Amino acid sequence: MRKLDPKIPSGPLETKWDRHRFSEKLVSPNNKRKLTVIVVGTGLAGASAASTLGQLGYQVECFCFQDSPRRAHSIAAQGGINAAKNYQDDGDSVGRLFYDTIKGGDFRSREANVYRLAQVSTQIIDQCVALGIPFAREYGGQLANRSFGGVQVSRTFYCRGQTGQQLLLGAYSALCWQIERGQVTMHPRTEMLDLIVVDGQARGIVVRDLVTGRLSVHTAHAVVLATGGYSNVYYLSTNASGSNVTATYRVWKQGAVFANPCFTQIHPTAIPPGDASQAKLTLMSESLRNDGRLWVPKTMADRRSPGDIPEAERDYFLERRYPRFGNLAPRDLASRAVKAVCDEGRGVGSSGYGVYLDFAGVIEQQGFDVVRERYGNLFEMYHRITGEDAYHSPMRIYPAPHYTMGGLWVDYHLMSSIPGLFVIGEANFADHGANRLGASSLMQGLADGYFILPYTIGHYLATARLPSIPEDHAESRAALHRVTSKITRLLSAKGRRTAASFHREIGTLLWNHCGMSRDEAGLKKALTSIPTLREEFWKDVMVPGSGDDFNQELEYAGRVADYLEFAELLCHDALHRQESCGAHFREEYQTDDGEPKRDDTRFAHVAAWEYRDGAVPLLHKEPLTFEFVQPTMRSYQ
Amino acid sequence: MKFTLKIWRQNGPAERGRLVTYEAQDVTPGMSFLEMLDGVNQRLIGNGEEPVAFEQDCREGICGSCSLVIDGIPHGPDRGITTCQLYMRRFPDGATITIEPWRAKAFPIIKDLVVDRSALDRIMQAGGYISVNTGGAVDGNVLLIGKDQAETAMDAASCIGCGACVAACKNASAALFVAAKVSHFAILPQGKPERTHRVSAMLEAMDREGFGSCGNQYECEAVCPKSISVRFIANLNREYLRAGIVEAGLPGEPESPHAESV
Amino acid sequence: MALAGLGLTIYVIFHMLGNLQVFEGPHAFNSYAAFLRDMPILLWTARIGLLSIVVLHIVLATQVSLHNHRARPIGYAIHRYRQASFASRTMMVSGMVLLLFIVFHLLHLTAEVIGSPTSDRVDAEGYRDVYGKVILAFQNPLVVALYLVGQLGLGLHLSHAVSSSLQTLGLEHAALDRLFKAAGPAIALLVVLGNVGIILAVFLGIVRP
């Protein structure tokens, strides 16, 4: 059993990162030219890392499955990006952002990582402004801020409802510059399907050209994964349909440990699911909760239209349960509160799975035009999807899987348990603990990609012994063989069911037993059902066409096959964690009034799972120690 | 609801394509256009046939993947949306709907309704960036940018790079795409130092890729999912004229700031 | 192309304004014609200049059209326009009509190859009787019909061309947006009304010998 060393620098929290950077070995400019780094994924983390590594002088090979790096799913983030700039002079500081993030994560993340994140947050904004990102401005020309779910200061920078898009296009433009300079070679429409590990070091990947179907091997001195999260394991989520777990999961099977997979965030404000054909859930920005009020009727199965329900018969349940934060309560609490009132039978809409998000108050106070300026595009989107006008009757919302805090385990260097394999952005587990605060994912993705990885990878490349390896190394051939046989198996099943039908089934199973709340019985049931479903998949899946050309169904079936294995890991972790913390809510561990009960004596650790062929994954625990903050009951009441 | 679909099927870039008729059954008005196509594909796969290839990803109108010409209009009959945001309640029950790919020399067909739009990436690589290194940027508030200016830049920057402007243009011109990017940077002070080189380089790249030229018909604006104004094209033209004057100006100026690295 | 087009536009405006003098009777019109003829160097410079602008405009337009045509080798089975004006969609056709008309017009009234030659006639004051020539020409219904078709081509072409050229030259401003957009149709209307006015006035006998 390997020991997981997080390699956290010693000394005071405030100076850990500075001292660490000073102690790191550097690669000389001449040598950088001879070093190749593979970056997989071109979201905020991947694009910013690839461009910065290119700028530093490394030869970068960058891959994405989309037709262009600009389409990575970071593009869909709406709300904003946090930074401890304290431009509003409302008491913000690096320390406060650090504390908010670690508390928001329910004390399940590393102090040192989170503090570093808060420190570099300010640089991100400066960098993004320099890149020409058109952040919202005040009339005087200064950067504008808004407050965002779960905090009491205004530290969120934004570009209308399209912050993710603008930040990604900024990173993409930096990437374009490096491509033009010849520092980065871009491989779009290319999917990573396996990792090549030589003598314990990550030395390359196997990819499939999605247009020609050709498999090829790319070797390098280090591999960086920035392949995002796995919310799509639930089938219905707010993620893009292409987002998948394949890269991180297949790397797990090559020996990288996977940390806290059960920490999956369910976003409170999505448009409720309609009928069975629905392929995705559409997120309504959390910023809506700044002005909208959530409520349900006080009585069960009240079928009156919302306008006919008098004030006294409405339950503003978030304001009631969390008077200090009200409608801005953190995502996990808000989502569960919504689920709770719906489970009581007080949900609204035809399915009963929905609550009202009401803007009547703010429209009355501040006027129609103010609301339209602030949320016009969101109201329009809501209208388009539901056919309803949210200016005159409240929106209906329901939680949806949105983000995964869990991911591949990494140390302070963002290196996984396989030397030379670095993991950044949503794909790693590092900074958000058991729950992520709003506007923090963009911050983390860019922090990792622009400011952290480019330093730490240099240290690895400067110190590791990296003999040159031929492309047809035995390990490359083995990896290629793994990929080929999987593809052949998928194509030769020739069954009767589509990959989507299996995806829907595993998604529903997980949503029911390992979704917003979990219990032992449900998880055990899921753990017995998943292998059966998987067997059925391999027997009965139908993948038309061949592997030698553009075949979207083959791509998809491969991803579904990985979900069917990964789901089990997710349930193992949820079963192991006998406490309720952050997004992970175990029915057995709650107070009398339904608040989560965390167990710091038994579970103040990172649960990191190692793959074992044909056996239950092996658990490693990385203890979490809190030297600088005291874990408290995470009270927002 | 039921629909008759005439869908362009083409096996590969070099093969001949044709319109094939399919029936879409059990469609509900609340289904999105792409979910309707999902349904058709599920049936095809169930019968062991190859599904219709089409692009999609975020399904919320921001990634720019989806790209269908529906009854002769890119992204379909509604304005200011992408294909994925189009719902079946928009069509009368029983209608016949023709679905074609984006058509342009610069966008070769990969399969069925999927085209290769990497030409747009190459235009971006020619100059669609501000060359600043990571690190060492000054404080974000050092540069004051008026709200109106920032908003106009944001209007231009909201382009999702879907290529509908090219698909709609009689000349398959990418003028609106280039205009959006050039304007975004030209409006902001950060983009000023490189504006001269940027506009020439991007327009040259656009020509190289085989896009046509702007005929000022403004079809692009009408189909743009982000409703980006053609006034940015006038701005692009101004930038280009300006670049012509400035570039011809001082002696000893390097032709391209990035020449040494090419 | 835009600049050449705008140059030609300015010419047709002045051409129309000059010809409006036909309403002032034979004296004014013939002396205007004589005034132009009295400066042969200027006249021929203008003629050659105009001709080369026309040629330049046509060459550039052909090049751009070919380039644009190549940009979409395979067309759509169904293509619907959303906001492109009729004029903008028929630039090629209206341009062809206009070209044929100009050739006819030059052969007809300038070179006098078509119709009966009249250049040896003089009016009462000894000027060459251009006025009489015009009156005579527009009494022929076939000629009038051809001229009206020509004017249709001119009107369509101009109504897209002028605004389009302004856009191409980057002349755009939030406050003046509507003005620029209206400039094309307005100028087209003005020129066509003026020209058609002359033709019809003669044909209907409002302006007589």
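First chain written, first letter: the chains are A, B and C, and each begins at residue 1.
The criterion applied here is as follows: contacts are C-beta pairs under 8 Å (C-beta built on N, C-alpha and C of every residue); 3 or more make two chains touch, one makes a residue touch a chain.
Note that this is a predicted model, so its numbers are computed, not measured.
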Based on C-beta pairs in contact, work out which chain pair has the most and send it over. A-B
Need the central chain here, defined by C-alpha centroid distance to the all-chain C-alpha centroid. B
Could you work out how far the Cα centre of subunit A sits from that of subunit C, in whole Å? 65
For subunit B and subunit C, let me know how many angstrom lie between their CA-based centres, rounded off. 38
Please report how many Å separate the Cα centroid of subunit A from that of subunit B, as a whole number. 27
Sort out for me which residues of subunit B touch subunit C in the complex. 6, 8, 19, 69, 71-73, 79, 98, 100, 103-106, 168, 170-173, 210-219, 221-223, 230-231, 233-241
Complex contacts: residues of subunit B adjacent to subunit A: 12, 28, 30-32, 34-35, 38-39, 42, 44-46, 48-51, 53, 55-65, 81, 85, 87, 89, 110-111, 114, 116-118, 120-121, 124-126, 128-135, 137-141, 143-147, 149-151, 153-154, 157-158, 160-161, 184-185, 188, 190-191, 258, 261-262
Across the complex, what residues on subunit A touch subunit B? 48, 51-52, 55, 66-71, 73, 75-76, 85, 87, 123, 125-143, 159-160, 162, 164-166, 169, 172-174, 176-177, 179-182, 186, 188, 211, 240-242, 274-275, 277-280, 282-283, 381, 384-387, 450-451, 454, 494, 496-498, 500-501, 542, 544-545, 549-550, 552-553
Subunit C - residues contacting subunit B, complex: 64, 67-85, 88-89, 91, 160, 163-164, 167-172, 174, 177
